[in-house]
Amino acid sequence: MSKQAHPFVEPVELKGHIIDSLLLPKVLDLITEFGGSYRIDKIHVGQTRSDPSSVVIAVEAASEELLGKILAQIADHGAVPVHARDCELAEADIAGAFPENFYSSTNQHTQVRLGGHWITVADQEMDCGICVDSERGTARCVAMSDVRIGQKFVVGHRGVKVVPIDRPGEGESFGFMSSAVSTEKPKGVTVRQIAADLHRIRAKGGRVLLVGGPGIVHTGSGPYLCELIRRGYIQVLFAGNALATHDIEQSIYGTSLGVHLGRGTSVEAGHEHHLRAINTVRRAGSIARAVDLGIIRSGIMYECVQHGVRYVLCGSIRDDGPLPDVVTDALASQERMRDEIRGGRNGQGGVDFCLMIATTLHSIAVGNLLPAWVKVVCVDINPSTVIKLNDRGSFQTVGLVTDVEPFLRVLVSEVDALEADYAHESG
Amino acid sequence: MSKQAHPFVEPVELKGHIIDSLLLPKVLDLITEFGGSYRIDKIHVGQTRSDPSSVVIAVEAASEELLGKILAQIADHGAVPVHARDCELAEADIAGAFPENFYSSTNQHTQVRLGGHWITVADQEMDCGICVDSERGTARCVAMSDVRIGQKFVVGHRGVKVVPIDRPGEGESFGFMSSAVSTEKPKGVTVRQIAADLHRIRAKGGRVLLVGGPGIVHTGSGPYLCELIRRGYIQVLFAGNALATHDIEQSIYGTSLGVHLGRGTSVEAGHEHHLRAINTVRRAGSIARAVDLGIIRSGIMYECVQHGVRYVLCGSIRDDGPLPDVVTDALASQERMRDEIRGGRNGQGGVDFCLMIATTLHSIAVGNLLPAWVKVVCVDINPSTVIKLNDRGSFQTVGLVTDVEPFLRVLVSEVDALEADYAHESG
Amino acid sequence: MSKQAHPFVEPVELKGHIIDSLLLPKVLDLITEFGGSYRIDKIHVGQTRSDPSSVVIAVEAASEELLGKILAQIADHGAVPVHARDCELAEADIAGAFPENFYSSTNQHTQVRLGGHWITVADQEMDCGICVDSERGTARCVAMSDVRIGQKFVVGHRGVKVVPIDRPGEGESFGFMSSAVSTEKPKGVTVRQIAADLHRIRAKGGRVLLVGGPGIVHTGSGPYLCELIRRGYIQVLFAGNALATHDIEQSIYGTSLGVHLGRGTSVEAGHEHHLRAINTVRRAGSIARAVDLGIIRSGIMYECVQHGVRYVLCGSIRDDGPLPDVVTDALASQERMRDEIRGGRNGQGGVDFCLMIATTLHSIAVGNLLPAWVKVVCVDINPSTVIKLNDRGSFQTVGLVTDVEPFLRVLVSEVDALEADYAHESG
Amino acid sequence: MSKQAHPFVEPVELKGHIIDSLLLPKVLDLITEFGGSYRIDKIHVGQTRSDPSSVVIAVEAASEELLGKILAQIADHGAVPVHARDCELAEADIAGAFPENFYSSTNQHTQVRLGGHWITVADQEMDCGICVDSERGTARCVAMSDVRIGQKFVVGHRGVKVVPIDRPGEGESFGFMSSAVSTEKPKGVTVRQIAADLHRIRAKGGRVLLVGGPGIVHTGSGPYLCELIRRGYIQVLFAGNALATHDIEQSIYGTSLGVHLGRGTSVEAGHEHHLRAINTVRRAGSIARAVDLGIIRSGIMYECVQHGVRYVLCGSIRDDGPLPDVVTDALASQERMRDEIRGGRNGQGGVDFCLMIATTLHSIAVGNLLPAWVKVVCVDINPSTVIKLNDRGSFQTVGLVTDVEPFLRVLVSEVDALEADYAHESG
């Protein structure tokens, strides 16, 4: 097999503070992200902060079309072909619309090549076309709705050079950023990846830790978690008094609470049920004993007891009761969690994957204990929790700002699909 | 038919500033909510703000058990049976747990009746038991974990009187509150109610208005909305340039964008596609023309054109392009929306129901135009939007803090279920 | 002194489900809020839920102008003068603007009185004028920008009747709402009230509890809290390991951290300092001992030790270290907090006022322990914390969605002003 | 002047995917941030994505202490001295506390050098000490509270090597992140920098653009903005109907609204005042005319008119009225804003600095129009706005999640301080 992965190649050049202002990594990332590969042909790295660097990268792609696409992308970050050519122009044929294949501007300083010379574009503004006056040798940004018939616009990316803005001044930091959290991204794909991880870990006999908040029960998502437990996708549960209590309360006061859930009205007596549920389990002695006695007949804690999921319930100062299984001392709780994470002392292996759902306190506590190589997925409707977790700053942490119920619902249906595929392939 | 709905009746008394501190409405609401009914037997309303009021309410229920439950609920708001009896006590038989059926305290001033006298409870704290020293004639709150064997605790609600705290002082307002927005409520029921509304309105030939933001497309929820349109559940769409553009972009650049969506990676070229999509439609002349020409072959706007859903796309200063159908003038946009809401001038009826999804600007703009009797459901992952909408403050506005995708996904499956039920019943 | 507080009186009538749909309390609240008083002249309360009620209220005010203002306000909630008169009309003299003193519409069903008859207004929409066609006997809402010269508009509130929308149907709850939290309210006044409370409580030798999160230190607001402590406004502090650690870290690593704070850059070594600070105090044995040894020479914990502020530091599972003073057991922490709240066992009085700043966990934990009559102010930049606290639902809880630093900064300057006033008055 | 900035130098080595996983830029950034400088002595960049790279960096610092500090920092990112030595150990002398100067662990794979060999640390966890068993040649993480007297711990950073986790697998993106937004950072410094920018731009006769939302008025921050305008710090204002209306309403209905603000109660009639204010200005013809007529006598718009601040009020579909100066067409609004941003056509220079306060819509609209080299500061209590703006992703955008009032209050006091300094220096 040859070293050169792809047949279509174009050398591009990138100059300036390409390492410390992240241009080089960004460009390399884009090439990879769009399906190309690269070879660094020449690199000169400035010795000190004030010395500029330069690099020549051979961009490789499987098709000419893909190569063009990649070149267009990286051009917006200042990477221009070594062999420059003039920009291509087309006349506007319709008022208020650009010609087909128009070049769409960024908000960075831009130059276009006309008659072998690089001309600086005036009125720089993002999402405009670049209107060129060839006679005067000038170019400027024009908004779509301002286009007039007969104006000439740059089409394609050829002969366009973006000059990214400089780094902050001497003595300032680059303000390294840590988190990419968005509520607008398509989340389905991320959930599919999580399902694939769960499936893979189950297949190899690994261990998945679920760290969960009471929102799982409040939002009616308990049944999905129960399903994951029954199917063997969860081996360890870390939670607090609240999750276990609300779950058990729902199991014990099923009917009456069921009615209220069914009516969707606020459950005025809910808080009392909560306290009564705790009292009942305290009278039984432990959650497992209450399951044995038939007091608890369903729910997350029931499934944990039935399927040998190990659980650590950590106490907090806002707990009512608490349940008899709750470890009220914080240091003892940490010790118990460490044992599960590392494995060994509990006669089990360490944790391979960690799913944190709807809890800030527990997520951060567990984040403190986990080694960086355990992949963490943090799901919360509140961006702050996800941001805080992400601030741990490893590539392994994935933040998802979303509601618990749909997340777990979709997760269950994704593992369903995987199991079906797998059965089909095996069958 | 007799006037008295239910056979089990108990007269209760409520005293103090029961109207302006909302105690009376709260108590009446609880009776209704828990399935009972009431008859006001006697009412004395204080003439001025400083005069206390009093009322005797006959609480009615279908069973003795339900009656007891209702009495327990309203007792926490100060409504006590006219015929008071001593509280009932039980001994703690297990350390760290209350006896069965213990009375669970509130954080309000509380009195218990011992030997015919009302005794004030010390150490008042919510979610405790009330421990009574009968010999000394004292009572105090004790936490569950502090219970010692042999202590006597109040059980049931008999002989317990809560004395709700007073209103704010003279000259202060009661701070009337408007919104009940929560991210922890079971949402399934609310979605079911919305589905029922949509189904009912479709059956009677009414008109449903959907006000939507681009998040519908970003989150991959477009197909659910398309499904609702195809089934005839949406008659009018109000949106902005962004929703229509992202939707059309997805239709036109389907494959390549599809690939990216499939890979779940950030779509670096997305913004350009966006601009190119607008340009293409501007070149065609209008959205409907682009559908006719086969340029747009799927998506929300496509379904609107195909199924005669009327749409108003309102412009804003952050628009790129915009699309040729966008009404760029704000007053003209309002006029167009008024016509659809009121009906008549557009040859249609007025709007019966309004579903606002993932848009603050449009939601509030439409909220300004809607009469109070059109039921509004506002769905947003951001509580602020829902709070603002709810501040309109009518009973007709329902706020849901949730993700768009699961909301629409579940809504479609709920209307599915309704249609199946209906087919079954009719069949 | 006569019973009738104010000389100007107008009897108004209110009909419908005025108690359970909260109309009566709302109207009484408005009268009081706007500085009037009332006398209930006649009241008929429907016996059952389906029976309507009615009331005649004598609205009283100190001036005719104020009376008019109050009548205008309550008219929007359906309270109309017993002695109805026709509405008053004025001609539009300028296009696109209403005549002076125009009636501004609500979004509720509205009627205007013309020639002794009540006419229903068409095209109902909020914030419009009501345009009357006297000849045809019709009325409709018209937007400001649509006004044409010569159209007749209702001016003033006379002869306008709002018909509030009905309650939800049988079997539905009224959706009792709990919280009024806004980020747009003028907050200065609220802070002034808190300052007045602190000042009053200090004067009478009362006790103020501050429940604080580490955000107080992170945001650079520590010095303000120190100032409040030094001036004797805080008697008890509840916090966690984080607040105390960050505070002590700032005291111990003052210079180097000071430099970083001064440069505003992210403090990369901050987390290590944090751990070293804990280690240093653990080596000393306790916070008080570290103060005695001169290790801690400034900050919140230093001031607490120096000024006899009692503190309870409660542990949590996310704690590093923790500091030797931290109570790691949750039940023991609750017990320590109870002692301070109730007073007595600690040789002190109970707590009179509670200020919660920037902490969800501790705020809710303390909320669980506090009796309802202790006034609580909860300050957080995150609306969720404030909403949750407010859900306790007593009039005594005030929620403030704001940044910590400005809040404490302004609070200190407000107590400054109060002390100056007081010194002036006494001097 | 010699090329070597600092006398103390230590060569360090960094290996692996140092460019595309951002290790090299991160390390260079840290060196600079901590006040050191660097010289790249040797660099080998892997040609393709799977080839590792390596670099030798000479770290330079002004003092040995600083050099040590920098080396400690960058060691946590895998940069280790070329000339490795064994780690240094110290015995724990107190139970539950580390020895002074203990090495504080990260959550990354770590090795310590013992007798010339690199040993992998077991039980990896952040914020622990590394306990070494020299005889067995083993090392493991131990939490502070678990330390026993006599255990040996690593002190200092010598002989410790962190092995950062690998990049994501082939075909995955590095998930380039864009925004660093935090509510916990010390904000004072950032505000001081903004004040310095304003001061500098005023001195050179530059132009500052303020983009503001109505929150400026709601939060009572109007007077601070007025002060900035009067002092010549603002040359252009972009806003909507809401900001101008609320500001003018406060000016016109000063007394009565003042009373309400003073009482801190909700202003029931506020919305009507709002409409009446608009109507009054519409009757006058324009804001400037209303100022001339003495109708508007204070506030933001008043100061703009009096001090020649150019303003563009852009319309939106949620506007009431609107004010006569509002540009209701979105494209016309964009054109007006472009003219101000670019300068020239308005007889003025372009905009040098942009301060966006409390408005999502206008901030993003203006962000679309601004070239990347105009520094932007975006202030909002809502993280989403700041995140969206930051997503523009240039170093020039600074996001501040904070309340408007304190921000403007502090900004005014910071320019005060700067003016005083300047007067002092000049005097």
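Chains: A, B, C and D, in written order; residue numbering restarts at 1 for each.
One rule holds in what follows: contacts are C-beta pairs under 8 Å (C-beta built on N, C-alpha and C of every residue); 3 or more make two chains touch, one makes a residue touch a chain.
Keep in mind that what you see is a predicted model, and the values were worked out from it rather than measured.
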| message | Just to be sure I understand the contacts, which chains border both chain D and chain C? | response | A, B
| note | At the largest C-alpha centroid distance from chain B we find chain D
| field | Geometric centre distance via CA averages, chain C-chain B, whole Å | value | 22
| task | Compute the distance, rounded to whole Å, between the mean C-alpha positions of chain A and chain C. | result | 37
| Computed distance of Cα centres, chain B from chain A, in Å | 30
| Of all residues in chain A, which are in touch with two or more distinct other chains? | 33, 127, 145, 173, 175-176, 183, 265-266, 320, 322, 331, 334, 368, 384
| field | Residue ranges of chain B in contact with chain D within the complex | value | 172-173, 175-176, 265-266, 314-320, 322, 328-331, 333-334, 337, 360-362, 364-365, 368, 382, 384
| said: Please output the residues of chain B touching chain C within their complex, sorted ascending. | reply: 3, 5, 19-22, 24-26, 28-29, 32-33, 37-41, 43, 45-49, 55, 106-109, 123-127, 143, 145, 165, 167-168, 171, 173-183, 331, 334, 338, 342, 368-373, 383-384, 387, 392, 394-396
| message | So in the complex, the part of chain C that touches chain D is made up of which residues? | response | 30, 33-34, 69, 72-73, 94, 96-98, 100, 102, 104, 127, 144-145, 183-190, 192-193, 215, 218-220, 261-266, 268-269, 271-272, 275-276, 278-279, 282-283, 320-322, 381, 401-403, 405-407, 409-410
